[in-house]
Every structure is written in C-alpha cells, then in structure tokens.
C-alpha cells in the first residue's frame, strides 16, 4: 500500500468540484472574468462572509498573497509575518517581486504563531531611522499556521490593533482557512473582517479544488482597481476564468468546503491521538487543523517511510516530519497509518 | 440566435481535453509539476518538434511570454516587436514587470507583420548611445499575427538572422501557433527552431483547452533554471499542475490541436469569402488564420451587431471589426453569420 | 584652437558656485541633508517661485526626473513625453527602473515640442482596454526642449488641462530651465505652478554648478515622504549634502542662474545668426535657448570638426549637428566658431 | 564647546581633497566619466591594489553597495550579511531596489562580525527547497564592521572559501576600508582580492572627501558592462564626473587616505583607553578602527550629552552610544571628550 501524506495539495479534486468544471464547459462565455460564473462570485462570498466582499479569482495562493501584499505595501514597506510563513520561505520571493522589493520581516513565536508583543518589539527595533529604514506597512497572519495551529479571534484582533496603530494593513494567508474555521466552529467573519483582517487569501486548491483561490477584500470596493491591475500585470487574469470561478462557487456551496476541511481535521486528530500514545514518537506542535508534526528518531521515521508511507521532512531535519490529511484521506488510510506507526518500536 | 465571434478564448474546451482533466483526477499526485502527467511533457513535445524541448506548463499566455522575455533580457534590454503585438498592447505591462523594467520597442509593418529591415533601422536609431540607450536584447514574433496573418519560415529566418547578428534572442508568441501551422501545412519545427526561434509560447487555451499554455525552449536545457525561477516567483507554479499538463498532452495527442486549428481557419476562410463579395464591407488584412478583420460602415457593423452577432471593434474605431473563429464554431454558425452580413446592404 | 560645443554639461563650474563649496567646507555638519545649507533651501526656493516649494537636492537630473515620475506613477502607469525626450532616450531606462516598470509613451511633435491634441489622440488609442492597457498617469514636458526650443506658458497650460482631465500629474524636466526663463523673461512661476506644473526637475549642473539639481514640488508638502523614500532607496541621499545645497543656494542667489543662462542664450543666438546667413548650412529648429541644431552637408560638418570645433552629431545622422553654448562660452569662442563656419563653403 | 562625534560623514573635506576639486575646475571636460581625471582612475587603483582593477566612481556608498550586489545576484538570489550590516538596516532597501527584489539574509555574530560557520548553517536551513527558496548568490562583508571591529585576512578567506563552494560572489562594503587597512598595517590587496573579495565598495566620503566613493572590481574586466548599466540606470552617472574622480585621485595619492584613517583610529584608541579606565562606562566592542561603542547608564550618557558632546544612541537603546572619530578630529577635541567623560561619575 502506498499512502501519500506529503501535502493536501497532492490530493485530487472533489467530485462536486470537478462536476462544476464539466458543467461550466457549455457554449461561449465572455473572457477575463466577465463570464456568468465569475460575476456571481461577489454575491456568493458577500453572503458567506456577511459583508460586502470583493472577489478576485486566481489559480494560485502565491498569487493571492503577493497581490494582496503588493496592493498595500510600497516598495520601501515591510511586511511582518511569522518566521515560518509560507510567504517568507516557500514562494520563491514572489512577495518581493510583486511588491517591487518590499521586505518581509520574520517574527518569532511558538507553535507557528506570533503575537502582537513580539511584532511590536521588532517594529520598534527596525524602523526608527526614517527613510533609512523600511516602513512598517502590513502584517500577514497564516491561518491555519504552517505548524498546523489555529489563531483564535482574540489573537487576530490583538495583532490587528497593533497594526492599525502603526497604519499597517492586515492580511490573512488562508491557504488552509477552511481547516481553521472548521476547527473553531465559528463564522468565517469572526476570523477575518470582524477581527480586523482586511484581505484574505481564501484557499481552495488544497481542500478539494483543481486550482482555485480567491483574494477577498472586505468592505473596500476602492481597493479593486489596484488588485486587478496587479492580477493582469502578473499574468494571472485567466481568459477562461469561468473554470476557476465555477470551482469556487461549488466549493462554498452548501458548506462543502467546511465539510471537507472538517473531514481532514478529523483524520489528523486520529493520527495525533495515535502519536500521543506512541512510546517513541511525539507531537511537535498542538494538532488543531489538518497537519501533524511528528518528532521521532531518524530510524523510526525511516521505518515508516520504508513501509510505504509518504511524508515530508522538516527542512534540514531527519527527526521531524509533517503529515498532512486532506478532504479525501479515507478512514482506512488513516487507520493504516496509525497501525503502521504504532507497530514501529520507539 | 446569439453568436459569439468576439474571441477564440471565449470558446469552451474540447471534449477530449475535458476528458483528460477528468481522467487526471485519480488519486494523489506529487505537486509542483512532479506528477506523472507533467513528467511526460518533455518527451511528447520533443517528439512533436523533432528536437530536445524543455517544457514549462503554464496557465496563461501572458505568463509564457513574460517569463520567456525576462529570461533573456536584462532590465536595461529592449525587446523588439510589432506595433500591434499583444505583449505591447494587451498584457498590462507584464513583460516590463517580469523583466524588471525592460522596454518594448514597437516596429511598424503592414498586415500585422514586421520585417528585418524595419527592425534594423530602429535598432540603429535607438541604440547608438551606450549605457544611455536600451540594449537590444530580444525580438518577439507573433504567429499567427494580431492581424490574422502568418509569417512564412523565410520571414522568420530573416528576422532571426538580424537578431543573431545583434546578439538578440528570438521569441515567438504562439498564442495561435496551431492556426499558423495548420495554414502552412508545415512541420512545427519549420516555424520555430529550424528558423532560429529559441523560445515559443505555445498557446492552447484559445484552441480547445480550459487553461493551458506551455513555454518551450529548444535545445537549451541550461535555460530551464531561470524560467523555472521566474515561474515560481511570479506565482505560476501550480501545485496541482497535473490538470494543466493533462490538457497539454491531450491537446497534442494524435494531431488534435491541428485538426481544431484547421477547422477554425476554414470557418474564417468561409466568412472571408463572403465579405470579399460583399458590396459594402471589405477585408482589412489577408485572412490566413482564424481571424477576419472587416472594414465596413459604422451603420453596417451596427446592424450586424443588432442582429445578435457579437464581435469586437478595433480600439478607437467604429468602422473596423474583428471576428474570430474557434475549434467549435459550427458550419451553421458561420453560415448564419455569412447570410446575416450578406443581407445587410453596403 | 580647440573649442568644445558638445554639451553644456562639459563646462566647468562658475567661480561663485565653487566658492560656495569651498566656504561650506567649515567644521562638521549634520549628515543626510540636515545641515545648515540644506535647511535653507525651502525658504530660498519658495521665495524664488513665489509659492510653498518642497526641495529635494540631488546630484543628477536623471535622479530628479525618475524620482518625480515614480512618485506619481504606479508600475502600470504611463508617462507621456516627447519622442525626443531625454527621459525616453538618454537615461538608460532610469524612469522605468525607479517606476518599477512604468511605461514611457512617445508623442510626436515638431521642433521638439508636442501639444495637447497629439497627446490626447495617443491616450485615446492606447488606454481604452482597462487593465489590459497602461493607465495614463503623468506627462513630462522638457523645458527648454531637446531641440533647443521653449514652451510658452499657454502651451504648458493646454497640456496641463488635458492632463488634469485625465487625472494625470504634470512634470517638467528643467535640465535647462534657466535658459527657458531667461528667454521668455517671465517669472519662474509662470512656467511652472501657475501653468499647472506640479513637479520640476530644476537643473543647475549644466548651467554653472559642479553637480547640483533639485526636485521641486509645488504646494504639495504631503508629497515629500514618497520622494524622500525614493531618494534614499536609490542611493541619492548624499551624507554630505551640504556641498550640493551650497551650490544651489549660490546658484539662485541674486539672479546668478539667469545671468548665466542669458549669457549662454546670447552666444547661441549669435551663432544662429551666422548659420542663418550661411549659404550651405541651415537651422534645423528655431533657436530659442542655448542649443543650435545645424543641418549641413556631411562635408561641411566634417570640415568644421577638423578645424578643431567639437560638437555632437544627431544619433545616426552625419548631416545634422548640435552645438551647445554655456555660461562660460566666451564671445571670442563664439566669434571664432562663427568665423570658422562662415569660412567653409556651402 | 560643541563637539560632534555623531559620525565621520559629518566631517568636512580635507584641504588636499578640496584643492583637487578646485584644480579640476579648468576648462571643459568630456562628460560622463570620459574626462581626463576619470580616465586616470584605473591605473591609479590598479597600482594601489597591485592587480588589474576596474573603477566605477560614484557619489554614495549606498550606490556602490547596491550596484555591486545587483550585478552578481539575480532577483531570486540571496545576499548574506551581518545582522547589523549597513546594507540591511540603513540603506532604505536600496539593495532590494537595485537587485529587483533580491533578499538580504542576516547572519548573527559577535562584535559586528560573522563567520563562515554561521553563514553555512543559515544557507543549509534556507535554501534546500529549489525554486521555492531564494538561491544563495553573494556574501557582503563590512570592513571595518558596523561595530568598529576589523576582519583579519584569514577570516575573510574562510568566508570566501564557503562562498566559492556555493557559487556565491564575495563583496566587501568598505565604507571605512581605510580604517581597517590602517589598523592592520597590511596591503589593501591582503584584505580584498588576495582573500577572495571580488568587489569592493571603496569608501572615501567618510574619510576626507566631499562625496566620493568607488566600486572596484578586481581582475574582472568583463564585469564592467553590467555595473556601468546599473550606474546609468540608477541615475548615478554624473555628467561632470571629473569632480568625483579628482577627489579619488587626491585621496589615494601618496598615502593620504591611510594617514587620515590612522589619525582617526588613534583618536578612537585614546577615547577607548579613557573609557576602559572609567568606573561606570565600558566598551561594548573591541575598538579596532575609528568607532567607539560605550555602554553606560542613561544618566551618564545624558550628562555627557548635556556637556555639549554630540553622539548617536544605538537604535532603541538609551544605555549604548556610538562615538566616531574622523580625519579631522583634533587631539584637543579628543582630550576634551576624555576629560569630560572622565569627570562624570559612574
């Protein structure tokens, strides 16, 4: 048996999503997001979030993050984010590229999350020298985090209050936003505009779509022009956008996205439980979404790998591994994983 | 009856392409173009072109063009192209963005094509002042052109010879490459590497795909690193690339792409014939691919529009219109168009 | 005798300017334009222009132009300028660099000047396609022009009115601004803020300084932060700015700059008169400032060159030459030039 | 008595340097560094360094550093430097700007210096993920460091060996290079090309010039074109470059630069001795060049400030201050400083 827990972005699309693509393939449709699917997005997302929402459909999360940050940060502006943030470590410098040389400033923090205080100290240290320093311009919060943990609304609010006091914009990288909402059982609004988030990279590809993301702006219709300019200029305005928009509509229809995220979270929780009771392996971070980070001996991890289980090692480490569960990880697969790991002595 | 001749990028995907996407949706697949479809691309395209071909799957032509040009042009380099080129007028400055401020230099030429002599005069005039001037770095040829015409191999060779003599790279924007190959009945190689073209933006979205393009590098494996860096950095490395690659494989399988392009060309030819014999309307450019440019009285064009035929006006003109035919334009639709136009007095 | 009429930027500094530099070399002075000379600039220039003027001292005109344009133009914005403008042809792409890939759009026009109508037509043709097109963002007027001609206030106003109606900013490249003011005998204000110019690159290096320019913003204190950020970020915030500021203060003190410019203009006029009566040579453009463009046979120009007179040929031409006169061109030198040219048969 | 120990860039120019500027002000001279002073630079610096040296005269160190780094680093490349480096904290993002979004990676290390091992660990951690990561491209060493310490040749060699093994270029920010050479009593070559440094930002403004720096490339004539393109494109090619080049020639003539640097170092050493024996104040870093960092009670520093001594506080700290000594700090000034500090109780 070959099992892939490397990443949720290696999962296939959900049947309902694929069906939506197939159904969208009827007749001609105006290009460049003027089709009948794309024009439904704003109402659908405004309903979902309970406020007026500008929707920019895109095909990658890197594009969503980079367009968002570049739209609020001048070239001499700094974006604060967690030291392990995807925008900092995994996007090949896309934020710097879209933002004409803006700077990302890493903030430390346990369990993949940072807090307002750490950020404030860094701002104090980094930006006291006028034009000689980068100007604090934005903060980006990853939800759920790169460590598989989740920010509660109060944590987001605290960061946002600091940001507002410094005239900084607040962005959320929601590549796994659904997993966070499913975990907390709150409204999408509670984690975003109600907590001060102005822009959300709403991820869908990792959780059941083929390739669909959306950049959302809350209550800011005036912000549309800049993000649309950036989308076109970066080559992200698909001519046949209908296929992306159809995915997004199906994704948020009738709670599908949250059902899928909840399923993935449950699988992760089951594996976490198994690790928790393992004599040799242990959890590196609290498991609050669909990712499980396991610290184990290199020999233990190697045995697991040799048994046909695929996962990723933490960069530069042979004793720390990440397992990601997706909308289509089956109970059988998770059980097999738990049994196999359990069968390897500490 | 509502008929859309606005653009081939408003057509749906061909059934075989959609099927390929559906079939690719099986199980997990490694992300970031390391899946089993993406890894087949190089062999498939190398076979198609008869030489070693590096393939970079992408989801927009703007990305393909911009990555190609940025990979061979320094920020202080100039790219020569036709005055009506898509890269110059329709990509929101993407080439300048990807190329860190490179400059596009428009070259004049009839029927949407330019020749080596016009380009040479411009180079002579523009670049004699050392570091004060932009350095000629690349030329981009649109095939088929924005006017629906086609460069024959000899024309491409002549431009390429000039380019080589100036140490300039040769790029082809092949958003409608299939239409050109179908028109000329030659090998794809004849219009590309055999004529000196080093990089091809191989378009597929306009001709039957959902969203699939490929940047091809001929006999230049060393060029891969830079274009892959640019792809990632611009947010164009899809995690689930399998869906793009599956489209491309189906597209070039068994000549499908050329069959579809030939079909589109034939529809255009039929309409061109109708216009040619029309008392009031006339052809603005030779019709050699799947686009027909009609010069007519504003009243004539308006009547046609009011009869339910959709087309685009030339920017800033009410007496010049573009009709584009696609892989799925039916004989009935074209007949209807011809009849309707024919029924409007000159 | 060896005479240099190649460019006014090959002239030495005026004694009063050099003295100011020497006098500024006393004791320590706070760095980065917080010295006692730099802090006098704003009052001095506000007095000169009769309105509140923000002054950014710089050491090159390229920096002044590029910072000005980048401060008002987004990366997807277009700057309209004359086809022969220095910013377009002679600055190695600095505007594109500072402006993160903005685009310069050349406007045609006789005698080195363009008018509002030509600009309007181009805007109409170039920018009708939303995010697919560059957005018109600024216009740059060269005063005096690259052809040695001068815009009168009404011409500037007409361009500015069009610009305002399109939400475009108005910049003036005043590398030879003094020559224009001296020619027209008007107030500096008449050619700038009273005619709608918002930013002026106030040139001084060509007219008697060692290396001193200033970017001026009129009645726009809020614009300071962006231009100061751009100055620092581009490496143009000299630590010992006192030496630049001292030059500028001496330059505008007691009308020195206009005396020098008037002198240069007079020398040009004298040579223009000589050419006007020459049997073989002729003036290519009206001579309104300190530059004279002479159309002559290649043989005539070559003879002149061989007699020890240095001048520059128009790029790519051997029958068109430019002669520039400076604050320190002596009557004897001009007379010698006139006599020498006069002695060469047509 | 008012004494300024804020920075050596607040000192005036040395008489011999000013004289050179005055003498250069004779007659016309070809613009853009084709004058007779600029054309002497390469021989003069090649003699000084004992190897073929390409010289790019500039007016700021920020320009020198940024041009150097941008010439060897692609937009997706990373430059490693000390956490306190000027390029990282004090240049307003100029390296990112010139380098189209390159990234600076801070390396930790005591006393303002880092070593090869710390850098290697960071490279290992940061760059294992192919196109998703920044590519290590260059290292920049500050000599003397921002903490007033000096790298010995062996330390530079060790860093360079690592850099070479990773295909990274080695740059030295020598804003206070003279102070380092004077300290070590070695040849300039020993700290640069003999230790593997390929590019040196050779500072002169802080040590007796008005505004003069040079970017030096060692044994790399092919590197000239790129740095000259970058210089022009960033507005740093002065038309009247003669005044910069004349400064540089005078600066290195007959050892003037080392005499001035040695003088500054001696003044710093005298103050360091005074602090060392002070009951309340202490030295934060070894004093090896012309900067002294004093840790003291806020009250102690405040008393010193109130007695008329100007210095700078470390960003965000009121108990750590920097005192910089220059070529023109007199023995009397230093004595006064030592006495005054000595008279303030711990």
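Per-chain numbering from 1; labels A, B, C and D assigned in written order.
Just so we're on the same page, a contact is a pair of C-beta atoms (placed from the backbone, for glycine too) under 8 Å apart; a residue touches a chain by one contact, two chains touch by 3 or more.
It should be emphasised that the depicted structure is a prediction, and the values quoted were computed from it without experimental measurement.
Find the pair in A-D, A-C or A-B that has over half of its contact pairs, by residue number, in common with B-D.
Of the listed pairs A-D, A-C or A-B, the one copying the B-D interface is A-C.
Give the label of the chain whose average Cα location is farthest from that of subunit C.
So the chain farthest away from subunit C turns out to be A.
CA centre of subunit B versus CA centre of subunit C: separation in Å?
Those two chain centres are 42 Å apart.
Nearest whole angstrom, what separates the Cα centre of subunit C from the Cα centre of subunit D?
It comes to 34 Å between the two C-alpha centres.
From the C-alpha centre of subunit A to that of subunit C, how far is it in Å?
Spacing between the chain centres: roughly 51 Å.
Spell out, as numbers or ranges, the residues of subunit D touching 2 or more other chains.
75-76, 91-93, 97, 100, 131-132, 229, 232-233, 237
Could you list, by residue number, the parts of subunit D that touch subunit A in their complex?
75-76, 89-93, 96-97, 99-103, 124-126, 128-129, 131-134, 315-316
Flag every residue of subunit C that touches subunit D in the complex, lowest number first.
Checking each residue of subunit C against subunit D gives 4, 6-7, 9-13, 18, 21-22, 25-31, 59-60, 62-63, 66, 91-94, 97-98, 205-206, 210-211, 229, 232-240, 243-244.
For subunit B, which residues count as touching subunit D in their complex?
Subunit B residues touching subunit D: 32, 74-76, 100, 131-132, 135, 226, 228-229, 231-233, 237.
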